[in-house]
């Protein structure tokens, strides 16, 4: 994998500069930090929503910063959680006194760093709460494990928490609806090729020409099972079946995200989506709204994930409420 | 390159089905055709805008169908212009009597097929006009050649013609502003890897690990020069210099598009954008608005293109006028 | 003597289809070298559709078969080669309309096809396109009989070899300029198969 | 006897930095096998920053050096290892605060670091994390003297080898479950380098 970069150690810094130069009406970068916030931050009278994580998942998370979604996103090094000192800057920059919600993806590193920042914020008297997204059904969820990872479903949590905050809801209310979203969102991914961390310079794993890695995360970590590569409809069926087996979707209405991991052409994502919608129709699950595209990527990985969010009327309303970001549209 | 497909011969058909299933509020597919039109077509009292071309360039062209941009997009097989019978269906479906403008990318096949459809439309008494986009400065433009190719700059032509049509302008006026856009838009691309047409099953060319192909088109056709791979800033400078050399940008105000060709991560596009904006600033060229992302891809190709559109006040207004499509936002 | 009957015209299409299928990868590879790598796919798809169409239709004349083929190519191929081959077969069909296809009519048909190609593609001789092959076949037929298949195919092959050394100035390969040299033009190659198929069909009778 | 002075604490950091730099690829490869392939990068970046910081600061005590290192690691590393090593060094610093670092203080510091790691990472022994190495070192020091570097490094190495056969239940490697077996834990490896560096520094005196 070749890269269009200058220096592997500066990719995050240069990316953030490029990003805010491209979209000054949406975004600004807090000086000397890796925090991207709404260009019109801080917004008075509103709960602030902060998320973030390692870089390499673009457009996550800065692409979801804007009215009706995140107030700020904190970028770590590639695939490495940001540090507490950066996170606390983000928190402070969006706290109007109504409190701040942290949306954390469930990885040991992210949880530790964000919770340290949360403790620091508490010490400074900031009203703060956090939720941990764990939508990846590929990973076993039990008290003996670190629990499920947060992957593409996190984007729905951003959207819904952001929309709720935009209604003027309290921190408790925003947190509650974020928790509800987390309880109802499930995802699973597959990789056809590994990705290459710029500073590592070589692929995270190897896959033979006729292999795929089922249950892949978004950090180039190996998945849970290696299977022979199949045709699109079969791969899709494997993933959807696993997602559907996890909670009861009977007669449910759902939002769907078919998320490209980086190098899979949009054409293929639509082919996948065709099959997903077919399966849902067979099972009498109603599609409320669909997103197909790249939302939570893994650098240049080939592959995709499928996310289903089970909806009630509150989630439906919030999901389609106006939003103004670079990468998420309704 | 592995593909998430079922059958290489059905990729376009299945993609189009997946697409309209995902976005029924935006798009519909004309039965038995490869035409995607606005779900609310036909729009009365407005010039219809039709574009299209081979598939494999997603989100082009169907991603640009919607209010304020295209009324319909015609999809051909992968990298193969659609046929006149499909194009004429698109034309008829969006003709409200105010006429239809065809936006054609300058390739022999596209020009022949679209012009045949145009002739058929004329015979049926439809008011029709066409423009040919040729923004690729990599290709020599002379009377002894087939002229420049149409690449990512085409998206700006879609946007501006669509916005003009939305004002209720006449076919002549819409065509004139499309021509003005074409006269002022220039692009150039680079590939770090080839792409693989599904039905061909193998890459269109080979590049060594330390090579890049400058002046690449969007169909996997080889570029104009093979150079050693350089760091991002240098590659960017090569492309921008070539684009700037072509028309006079002195004290100009421009729109910029940094367009990913398929497999290049967004992170890298932002790194490129950082350098483009630096160069423009040095040259005292004002950035009016920037788009960074995938707009006119080449399947799974690694690489990017840079497009500059020189603006006047009319173009500026039309460029940011409201638009409601899946893939282009202001 | 009648050269082309309804059945022979149909057989011609079938023989073309076979060749395009057998040489799909070759044509695609030629197109990958100097174009966009779809010519074999385009031809295989196009003539598959042509045969599906003419197999299930009854025709009154060879002209009608060719017209059917032309319309199918235009509707199913796309790209540059679809309109070009569509035009070539349509012009042949028009030249044959209402006539028995003897030597003279056939030669006229080829001439008209060549003119049609030129009008549609705006190509001249020596621009490294399929036009080169068709033009040379037409030239050959000015002097020689349609039955001299050996000669016709030799002309085709020589022309194909000539395209190898040319720098393309029409079609997608023209973007490569000098770098297009050293590669045979894919459309010239597929045109060869069209004439080879015709030779096969007309030979069957002998 | 004073084990850790300001200078030795600084040297410790420099020796760690050297090792993380030299073994960056090894640590990254270990992490690629069962994690996300950034551990070597994280360690190299983190200790580069630590050395940059302590080199340009003057300190009153070894405790202050370690505190500075801890804060730098927390601010510059991120991921799982940043807070964990940050916590470990911070706890050591706190244990040394206001004291001369003799055998007992040092042993207490290691003990506190181990507790800190456990509190921060919620890991238990045998979960295939860096905690295993620190815990074994602490156990060893219950019986033995800090000066027995040979013994300490042997314990580290044995523990690292033990992690190879474990299925991870904490950290990123836990997603792999049984598939994580057969690979050494990257954080355990980097912890080894931390103790190896300490041995080097304390040995200098002998």
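As written, the chain order gives the labels A, B, C and D, with residue 1 at the start of each chain.
One rule holds for everything that comes next: contacts are C-beta pairs under 8 Å (C-beta built on N, C-alpha and C of every residue); 3 or more make two chains touch, one makes a residue touch a chain.
What you are looking at is a predicted structure, and each value in this text was computed from that prediction instead of being measured.
Among the remaining chains, not one touches subunit A and also subunit D. The busiest chain interface, judged by C-beta pairs in contact, is A-B. Rounded to whole angstrom units, the spacing between the C-alpha centres of subunit A and subunit C is 54.
Each chain gets a centre from the mean of its Cα atoms; for subunit C and subunit D, those two points are 74 Å apart.
Between subunit A and subunit B, the centres computed from C-alpha atoms are 29 Å apart.
If the chains shown are joined wherever they touch, the resulting network is a simple chain of contacts running from one end to the other without closing. Remark: subunit C residues 28, 32-38, 40-42, 45, 74-84, 120-121, 169-172, 174-177, 179 touch subunit B in the complex. Listed in rising order, the residues of subunit A touching subunit D in the complex are 9, 54, 76-85, 107-109, 112-113, 116, 138-140, 144-146, 149, 197, 199-200, 202, 204-205, 217, 219-222, 224. By the touch rule above, subunit B contacts subunit A in their complex via residues 1-7, 11, 14-19, 21-23, 55-56, 58-59, 63, 192-193, 209, 212, 229, 231-233, 235, 258, 262-275, 277, 287, 290-292, 294, 297, 299-300, 302, 304, 326, 329.
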